[in-house]
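When the chains are written out, they are named A, B and C in that same order, and each has its own residue count from 1.
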Amino acid sequence: MTFSDRIKGGIFAFDKGDDRFELNETESGEPPVFGKRRPVGAADTRADIPERIPRSIEKLQKELERRFSSDVDHDLIMRRFLIAGRTPALVVFMNGMADDAKVNEFLLRPLIRLEGTDTDPKALLNGAVEIAESATERDLSLALDSVLGGMTAVFIEGQRECILSETRGFEKRAVEKAENEQVVRGPKEGFTESLRTNITLIRRILCVPDLVVRQRASGGRNNVKLAVIWRRGVTDERLLAEVERRLDGVDLAAVTSSGMLEQMTEDCPLSPIPQMLSTERPDRAALHVMRGRVCIILDGCPQALILPVTFFTLMDSPEDIYMRRPLGTVLRVVRFTGAVVSVLLPGYFLALALYHQGVLSTEVLSTVIASRRMVFEPIGVEMLILLLIFQMIREAGQRVPGSIGQAIGIIGGLVMGQAAVTANLASSVVLIIVAASGLGNFCVPDYPTQIAASYLRLAIVIAAWLGGLLGIVAAALLAVAHAAGLKSFGVPFLAPFAPRTFRTKPLVLRGPLSGQAADDELNTAYDRRIRRREQ
Amino acid sequence: MGLILITAVLLLSLAGCLSPVSLDAYGYVISIGVDSGVEKKYYYTFALQRELSEQNTSGEGGAITLACEADSIFEAVGEIEGNIPYSLNFSRTGFIVMGREPAEAGALRELVTTSFDTLKIRTSAVVIVAENEAYEFIGGLFANNDANITKLQTALMLDKEKTGMDTLMSVSRLIEACSEGRFDYSSALGGYDGELITDMEQKKAESEGGDPLEDAQKGDRVGGLKSFVNGAALFSGWRMTGTLTREETLWLNVSLGELRTAVVDLVYTGGGEAEGTAISVGISPGGHKRTACFTPDGAFRVIVDVTLKAGVRQKDERISSEEADAWLKGSFRSYCEERLKAVFLICRGASSDAMRFGTEASKLMKTPAEWEAFAWKDRYPAFEPEFIVTVLNVEKYIEEDMQ
Amino acid sequence: MRMNEGRIGWAEGISVSALTLFSCGVFALDPSFAYENGNLTYLSIPLSMLVSLLPVLFIVGSMKKTGSRDLASHMRKTMGGVLAPAAALPLVAALVYCAARPLINFTEVLHRLVYDGVSYPAILSFVIPVTVFIAWKGFESIGRLAVIFTGFIALSVAAAAISAAPSFETYRLYPLYSGGTGSFVSFTASETLMFIPPLAALTVCGSGLNGAENAGKTAAVSAAAAAFAACAVQLAIGLVYPYRVLSGLLMPLYRINFLSLAQSYALRLDKLFIMVWLNGAVISAAYCIYAASRLFAGTFAMRDVTPAVAALSAALLFTVMFGVLRDFASVSRVDSAVKKYGWLAAAAPAVLAIPRFRRREKE
């Protein structure tokens, strides 16, 4: 050991405990005096008490007719037939969800034409059923859930087990371009509403044996499934346990979007800051899974959730790594500058205009005074109104489809701005500042983060109006303190900057493609192995 | 979350007290002028930057001048604000122009100590003493049709930075000089030429079909600003006690090591055919060292060792290079020493340690008590420094410098 | 238990501690006291930071003997449940005082020089709630905030000093020996009070730093870093303002930007700079309040730190209000009194821990 190593080891090296970050919700002991500990949801108990399948087909059919209101709703198809011409059986599937042809050709026909006497479901599965993805099931509730999802169940007289076959054949959207995360360079395809298709899209990119896709109930009473995707041996097992624990806690009437799941599982649901990354790009999701993150895809939702995330993950664009390093670096510098300008510029200008005029040069002062001469409202109100109008234009542009939306943006931005200045409703300087801030906001690649940034901008404008630079300091400190205390599934939101981690790649600038395989703040098993080896 | 809400409500409810004022509700005072009043103690002049849209149409320059008599600056501000639809803001004030009379009476003390923090005037503001009236000087400075009067002020300062010929010092230095007593303040001396025909007046006369220079007397300066820097004002403490001409200010700056580049006009005395002809010598600093000590008899002694790079600017065929070199290193060197000595005597006569020898004395003291017991101000009238000038003839260097 | 402590690493620990020391050493000075007999603060302040390290290292040594991870548990182990709270109270009070002192100066400067006709409570309505919020969020958040803002503060301080560089003159540092050795020693000794509590706070938050050993290392590195920074800043101040002028300037570093004759935007950023420095003072105050609350809660065996944070925040508000609303001179008197005798309070836990320390040695 050299002298410098000794110095480093003696003075600077810390005694290391567990190098993983603490999860917020695993704090133990008595509850606090103020506030409550976040409630931990009960696990799905339905699976714990299996519902037995009646041996009598007659009884079962009546039960199903009752449960599915067959007197008025005819979507549940129940067809009685004889296996091998002897044993009564009942095939059950949902009209429209299952593919009729598949049911007829690969399930009904082989069973009816069966030669033999063994009607044990397992034997039939081996000898008759011609659909590869088939299994037996003893729990009636689970079997019916599967039927609702598009599978077909075959109940056999005298048997407690049924055969479940994959016969899904409902209409679905084809894989199309990702609409909200477009890139000039790189893959174009986006997720669809089909869970199976989405998993396939990821599997196609990640051809690794350690990729694990676990399908489970979403927690909604609408029985929609979701898939948790991770890499065994890379993703932190403790993170996985936490993901499962939080998903267990989801208990909603219906889960129809990943946004609902996000709110139910994130660390601080009331925070405007997103704590998961929502993406519609399989390549982006795959890259994050490869780095040790967990991906959750909900059936029926074309956006995947990536977790845990940090501020810097949210500021990443897929294009950063598709472009060459110098270009990617410039892109990122512009993006971060845009974000800072977006959040701080209107508030800073307002603070100077209302409290600290001496900081502005005489030229700027004269220009602003001249442009505001006939504007009737105070400069703070003017700023807020323009920000509001900008937000409205943006919302309108987003809700209106395609080219009309773009036209609204142009008309709103150019025509209304010019008209407002001409009509003395706004001064040109403030208009320029709001426009620059709006452009900066669009530089933020993640939509929820954009929204969060625009809220923060609004808060800073109000704070600047009330207290000048002091107000900005107060608002910014509150915001940064909130962000500093925020965790996404136990990973500090501002990592690896605060807290510092062993990350070797630059944060704002784009680093080399080679190097650290996983983000250090994720405490991946891979990283821990490497670190142990180094120690 | 509750805490966040409480914080937000608390912040919002109490924060209104910070009373914002929109930037267009202010008039920005660029310069403050102080003259002696007739009925009241002072006559205050405030020069304001006019907003840009007005400048294009008025043709009266970029400044608005507001003035009134008052016993204090606060009274003047109140009086003026009562008659204008906006308030005065002093955060952009760059010049404090003192009339000669109030400067000699020590009015700067009152202005600086009572009003700077209250009116939020930055101590980076520069003091100029007008030879006559501050009102005139300010008017002369802003009389041209310049859209941006702040740039005018900045140009003056940049000129000082570039040449080191003027003595522009901030109020910070004035406060330091007066509270410490290690040196005395010297400010720029503002001259005013009321007869001068400005660029704007020329244009106006031309547009009316007249001859703008008809009334100009031969030999007068024409064009430019009516106000200009015309030397230095010497202070003893807060009071102005004397003046230096521009040429003397140059030597003051040489003694301080603050000269950047200058031209000295004098008569050639090196003999030969060129004897008695006017000659210009470019000078720039080559080194500056002050050695201070106490003599065995307890007297304080300072040797100012100045090295000047000098070169004859316009080449006269009658003077050879060798002659020029000999003259620069001989007569010119003596001339420099004489001028330094003469300027020191003017300063000492005004009881002003503008050459800052007190700072050298303070370096010899071990404790503040010892420094205070030294009583520099009392010793100064008997103090005699020694000036040693070394001239390096670097003609080409100077020419390049001057370009 | 909700101690809001979490775990922080070396960068956060050093940042928060160095930032607090720097705030106390540069922004919390009483100018009439510090520059009364000349200016040697560029030596005395760094020296007092290093001297303050000694009692803290002693506490760390004592904690290591008892195997305690934080000061509160160490005190309870060595003094028992009755004496420990009593012994902790002086340090709690000293920490609240250290939190308040820079805030008093900042409020005064904002009131006098930055805002026009604004009342003290109005300024404090922005400063105190933010401080309380950060203290409430806990040690992890404080550490991370410190890491984020230390860079900005260092940059702005450096920019302010560099902008004043053309005005640097060595004669202003003279007379070099200032008030002599006696004056130097007494000032250095009295200043240690400002630095012992923030350094001792690291031992209070020892669990968050993964143990007493780390707290000691953090204290050593942060004291060295803060001493270097304070020395550089005080030297820069000394090069632009002589001692007589300094003794009348509340926050000379703020005025350092007022020296340049040029009027460009970059040279008029003093208001922006002071706001950046205010961030440091607020984070430091939050750290001191959190540490005081953690010690209070720990020695009183409370299961939650937040009630103590709420109570001590009220104490902070009272102290700052008292400081700014009363005549400023009276604060200076309180200052000098506390500086004379206050170090005894800060050293109390360490002194009281000696018997246990010795007993362990015999074993």
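FYI, contacts are C-beta pairs under 8 Å (C-beta built on N, C-alpha and C of every residue); 3 or more make two chains touch, one makes a residue touch a chain.
Values in this document were obtained by computation on a predicted structure and should not be read as measured data.
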| item | value |
| --- | --- |
| Central chain of the complex, centres being mean CA coordinates | C |
| Pair sharing more residue contacts (C-beta pairs) when A-C is set against A-B | A-C |
| Chain centre separation in whole Å, for subunit C relative to subunit A (CA means) | 43 |
| Intercentroid distance (Cα basis), subunit B paired with subunit A, Å | 66 |
| Multi-partner residues of subunit B (at least 2 other chains) | 4, 7, 11, 15, 18, 21, 92, 120, 122, 150 |
| Residue list for subunit C, restricted to those that touch at least two other chains | 115, 123, 126, 129-130, 133, 263, 268 |
| Of all residues in subunit A, the ones touching two or more other chains | 34, 355-356, 358, 360-361, 467-468, 470-471, 474, 478, 482 |
| Residue ranges of subunit B touching subunit C (in the complex, touch as defined) | 3-4, 6-7, 10-11, 13-15, 17-19, 21, 92, 94, 117, 120, 122-124, 126, 150, 153-154, 157-158, 160-161, 168, 170, 172, 175-176, 179-180, 182, 359-360, 362-363, 365-368, 370-371 |
| Touching residues (chain side subunit C, partner subunit A) in the complex | 1-2, 6-12, 110, 114-115, 123, 126-127, 129-130, 133-134, 137-138, 140-141, 143-145, 147-149, 209-211, 213-214, 217, 220-221, 263-265, 268-269, 271-272, 275, 278-279, 282-283, 303-304, 306-307 |
| Of all residues in subunit B, those that touch subunit A in their complex | 1-2, 4, 7, 11-12, 15-16, 18, 20-24, 26, 28, 30, 49-54, 89, 91-92, 120, 122, 148-150 |
| Of subunit A, residues touching subunit C in the complex | 11-12, 14-17, 21-22, 27-34, 355-356, 358-361, 467-474, 477-478, 480-482, 484-485, 492, 494, 497-500 |
| Complex contacts: residues of subunit A adjacent to subunit B | 34-35, 270, 352-358, 360-363, 365-370, 372-373, 378-380, 463, 465-468, 470-471, 474, 478, 482 |
